[in-house]
Amino acid sequence: MSDQTMQGGTASVPGAQVAPDTSDHDALSIHAGPQGETLLEIDHVTLRFGGVVALNDVDFSIKRGEILGLIGPNGAGKTTCFNVMTGVYTPTSGEVRFNGKVISGTKPHKINQLGIARTFQNIRLFPEMSALENVLVGCDARHKTSVLGVLFRAYRVRPTEDQLPDNGFKRAFAKVFGMSRHVLEERGGRIRAMELLKFVGIADRAHELSRNLPYGYQRRLEIARALATEPELLCLDEPAAGFNPAEKEDLMDLIRRIRDLGHTVLVIEHDMKLVLGVTDRIIVLEFGQKIAEGTPDEVARNPKVIAAYLGEPDDAA
Amino acid sequence: MIRSSKTWQVAAMASVAGLVLSACGTTDTDGGGDASGEDCNFKIGVMGALSGANASIVLPSVDGAELALNQWENDECEVTLEKFDTEGDPAKATPVATQIAGDDTFIGVIGGAFSGETRATKSIYNDAGVTMVSQSATATDLTQEDPVEVFHRLVPYDDYQGAAIANYLTDEVGASKVFVVDNSEAYGEPLADRVEETLGDAMVQRDKTEVGQTDFAPTISKMESAEPDAIFYGGYIAEAAPLLKQIRDAGIEAPFVGGDGLYGADFGNAVGAAGEGAVVMCPCAPIEEDSTFAADYEEEFGSAPGAYAAEGYDAMSVFLAALDDGARTREDVEAFVDDYTGEGLSKEIAFDENGDVPQENVSYWAYKNEGGTLVPEVEVTP
Amino acid sequence: MDFDALISGLDRHTLDGITRGSIYALVALGYTMVYGVMKLINFAHSEVFMVGTWAVLGVYTVLGVGAGESLGIVIAATLLALVGAMVASAGTALAVERIAYRPLRKKGAPPLIFLITGIGCSMVLVELFGQVFEVFFGPPFGRVTVNIPSVLETKELFTIPGIDLTITNTRVIIIVGAVLMMLALDTFVNKSRLGRGVRAVAQDPDTASLMGVNQNRVIMLVFVLGGAMAGVAALLYTIQYDITKFDIGFIIGLKAFTAAVLGGIGNLRGALVGGLLLGIAEVYASTIWSSEWANVTAFVVLVVVLMFRPTGLLGESLGKARA
Amino acid sequence: MSQIFDTIRGFSIRDRIAQAPNWARKVGMLLVIAFAFYLPFLNILPFAYVRTDLTSRGSDWASVLFLVVVYMIVAVGLNVVIGFAGLLDLGYVGFYALGAYSIALFGSPSSPVVEALQNRFGLSETWAVPFAMCIPIAIAMSLIAGVILGAPTLRLRGDYLAIVTLGFGEIIRITARNLDNVTNGATGITNVPTPPGPETDGRAFFNTVDAERWYWLALTILIIIIWLAFRLEHSRVGRAWLAIREDEDAAAIMGVAAFKFKLWAFAIGASVGGLAGLLFGSKQQYVEPNAFMVNLSFLFVAMVVIGGSGNIYGVLLGAFLLTYLPERFREFQEWRPFAFGVALVVVMILRPQGLVPSRRRAREFEDRKVEAEEAAADV
């Protein structure tokens, strides 16, 4: 397979500073709409489980191209907020709009296709798949081949020059009859997946089972897998949990580079330093309610926020 | 790569070893004994449910055939009886039939014992020209709708049996309101259909049950409102036993009549006290208790001849007569059996162009369950 | 299609259905208890029931009793048969657990493996009675239907006036017996100390073992209880139908399992509701059409119920059996 | 027993095959296929002892091979459902039956359906739908049945799915038995057509006696189906199934349409089952409802699980062993079911992951074992 040649990439040692990524990632950038426009709106969303109110009239929006932080003490409803956005829960009242389209009540995989991807607080990779395969599952979200297409490969497309096979006979055949879209997608997917692994800095262990990867690699693999679905909006759920300061630095850099590719990023994080350092804007939740919103400076000075965090000093660490 | 080259070495050695060993010889897949016209070494197959729930209807006929072979006196010929268990399942019967068909030393087959397996295999035997003489397959279509050259049977088909049962119900029992129950299976349903046809207005209601059913409450409540003066059940022993018990428990005392599916040695034991007086109809003539056959059978197998033992004996006798007559090929046997006439244990044997025994040669008997054994009651005509 | 027959005898058919369903429900308890605690389908449970019917036959044979005994002997023999069937069935269930399931549990095998092993155990038990014992002991073992003497003969007890519904003693014994056993089991699981252990393991095995509940003991207890209920069902079955056979377990087991799922597998009261509903549905369908459609009706009812209530009528969970 | 497995593992056959040069693997594959085609005539000692017709009470070797291959097709199809998608289907025999019934209903001149068509359109009495047309009909019918069964039930959890599918298999059989005017009821349908072919020795090419031709036909179909199954496994579809098996919610959030892929698994499994049923019915030339009892479903699942669910080679082995061994040892006729049950229990206890598990499955088992041991140690 072609990915054999891709191995190597940026070698890095877990825990140490990841070498700056030098390869060309233009191929990874996505085509995003006009910057600064509203991308996602959480419109007065309330979510109740029985008598418990998990989200109470939460209302905020994300603009295209920004890095938005979502913070709050444990149990404030941050992850629940993600779950509402990604279709796991349907809000009791209010609605979620993405690109102006109501998405609350839509099934999770449909929401992903619309352009929202996320990572999980407690890592949820596919443990028996290799790192590359995990990312490939993400790439598949953008692939069009149907099950019948996989079986019979009847859908042919005209390949570009560099997609043509080397073997003379096969090359001639492909020129006349075109190539199966499935084969091209599969090949393209592998190349893209490998690029993504390089982008997050874990390409050196692309063929290892994800369950055998070190913790930091698993976190980054989740990000790569989410990026593979080419989301306009990427939601990171506590991406720095369990990281040491050096790794956190890397992560901040990674988040900025993700934004530079054209993605909008929403981060849930406990670590105030990271959030204040990387985000453009911050929303603060407490007990399912929005208590503050603003630039990192504004939020850091907001007395309500300080009170909320001082009230639970353990979690603010 | 070093490791893999080792693999190829191993593979090469294995193939050489295989070639060397192959020189050792080949197996005789014909299963011994080449058939040639001169020496008379033949096999006769018997196929049927030799194991499984319905074996008790088949095994006596196999024993009967064995007895006929043991009693046969012929210096020229060596005949063995090969038993094939099909569990009564058509899917299991086809490989057996293909095996028999492909082995030229088989000159005939006794069976199939049941209609389903016979339906599935008769074209195989027909293609190979193996003569079949069935001791107990009674489905009408086997000879009437879809006859093949090689199939013969010693029992009348369901049409006649159904008529005989209906006649018994109306004439002997004097019933005018018969409740007909069947087991929805290939055996019970067509038989019950024939009974229904012949009964005409004398049938009050028909109900269908399942194989494996034990709770017949819905059928019983239908009976209670129909108030029949006789009940016919087309099915097997396993369901007849709980059905009878529940009929009697409900206080319905109408006579109970069953088809030959109930004609087995274990009927009396299975139905117990509730089955006292129940009648089983069978196209099999009773074997005189003092006859030599019954005595020989008892001596050989340690029990009184059961269902279709005489038919099994007769089927074997037909084949052996063919060999006595000098038949040495499948064609000879087929020609001989087609024209055969003779006095059998069960009846006067002859086969019409469809392979059926002429109707006038057949006798139907009603057997009554008395104290756990089936006692011949009366002969009935269709 | 005979709806008139159904309507005109609705009381009678419902009673028939309840009788049939009572036995399903008792057998269903075994499936439900094991599922509730271990989250697996014990496919050999149908044979646990079958062994019980043979035990009844064995007890009657040893005692030498038959039809028409005096009342005292009838009661004594039936009680002995009850004990015999419960012991035999519980013992079989326990043996299956110890021999087949425990090694798998040690390996942490997924449910599918338990399923295949259960099918294997079921075949072994069927063949023991249909083949192996016949070779060693001869009749009554083997592949034939065996009559069990009607020690407890069916007698009319009384007729409900007005609707003209005759009640027999066997019906009363079956329905009352089934309900009593179920109440006893329900009380045991909910009230006793051992029962608390069962519920604890059902809710959260890990926490339960941390709290000092011996999981193996609980699982054994569950198999024994389920087996004993199948034993009761076996006695009631023989009283009603008078027969046994090496393969009678299969269909009853299938129906009982359907009943358990219908009511909400893992839920004791669900087993009762599911069993009765299934019995009634089958009898109604058999009356409207005929018995050949009873099984189809049973499964259609199951599919329809699951479509609207994906975890059965009463929902699952042995732990929350009180709810 | 486990020592034997360890020894076999010592050879690490899989690694060696994987390391072999590409041409060698291709040649090896061709040799295996050639050998498979030659198998009916295998008559060289000591290999010929595998034959089932060594004694005159055996059963025809080529017929047994045919049945083995038909069940292999079934196993490969069911493996898509159980092994790939992780859905427990206990009613697979229903699709098998549908395949057999479709060719019987439409292809046999004596089926009530064909007779109705004859009357309706004034066709001759020997007219029936040609064999070639019956194949798409059979596949379509079982596929539609798969979708109809799957669409409402696939949302159910594993164990519920098991009982519902089991019920479905029974509904198909009972309906086929009860609808006398459509399926001839319990009597079944005769004169099921065979594939067309040149007449040889005065008989149709696919006749009842020369079973090896049927075997070759089935084998060809099996090879095609295996090839397609591998395509599925190593594609986005196979990855989606694996992802669903491992973490359905996470897969959905990553854009995997879980329900759609599960339904596809069901539909693909169903149509493969239907194709196997069609072969069976055509060879048998007779179809009756009792050939499709529930027990057959259990046998199919046992093939997949014993062989090694998820691994195509494993399920092929499972299908082979469970079909072949009972035929090979016919002389123990009465004892076979007992031995079968014992073998099922013993194999599962000693090797719960199956005889030839997929590597992923084997690792999952190791994990579970460790977890179980840890849990036991806690007590």
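A few points about this structure:
Lettered A, B, C and D in written order, each chain numbered from 1.
One rule holds in what follows: contacts are C-beta pairs under 8 Å (C-beta built on N, C-alpha and C of every residue); 3 or more make two chains touch, one makes a residue touch a chain.
It should be emphasised that the depicted structure is a prediction, and the values quoted were computed from it without experimental measurement.
The set of chains touching subunit A and also touching subunit D is empty. Among the remaining chains, the Cα-based centre furthest from that of subunit B is the centre of A. Counting C-beta pairs in contact, the pair that comes out ahead of the other among C-D and B-C is C-D. The central chain here, found by comparing per-chain C-alpha centres with the mean of all protein C-alpha atoms, is D. With centres set at the average Cα position, the gap from subunit A to subunit B is 71 Å. Mean C-alpha positions place subunit C and subunit D at a centre distance of 33 Å. Work out the mean CA point of subunit A and of subunit C, and you get 52 Å between them. One finds 36 Å separating the Cα centroids of subunit B and subunit C.
Residue positions 131, 292, 295 of subunit C each touch two or more of the other chains. Shared interface positions of subunit B, i.e. residues touching 2 or more other chains, are given as 51, 184, 208.
In subunit A, no residue reaches two or more other chains under the touch definition. The complete set of chain-chain contacts reads A-D, B-C, B-D, C-D. Taken in their complex, subunit B has these residues touching subunit D: 1, 3-4, 7-8, 18, 21-22, 24-27, 29, 31-32, 43, 50-51, 80, 82-85, 89-91, 94-99, 101-103, 105, 116, 119-120, 123-124, 127-128, 139, 141, 146, 184-186, 189-190, 208. Those residues of subunit A whose C-beta lies close enough to touch subunit D in the complex are 86-88, 107-109, 112-113, 117-118, 120, 124-129, 133, 136-138, 140-143, 145, 147, 150-151, 153, 182, 185-186, 189, 209, 225-226, 229. Only residues 5, 9, 12-13, 16, 19-20, 67, 131, 139-140, 143-150, 154, 156, 168, 170, 237, 240-243, 245, 247-248, 250-251, 283, 286-287, 290-292, 294-295 of subunit C touch subunit B when the two sit together in their complex. Listed in rising order, the residues of subunit D touching subunit A in the complex are 228, 231-232, 235-237, 239-240, 242-243, 246-247, 249-258, 261, 264, 268, 360, 363-364.
The touching residues of subunit D, when paired with subunit B in their complex, are 16, 19-21, 24, 43-49, 51, 53-64, 67, 110, 177-178, 185-188, 190-191, 203, 207-209, 211, 280, 283-286, 288, 290-291, 327, 330, 333-334.
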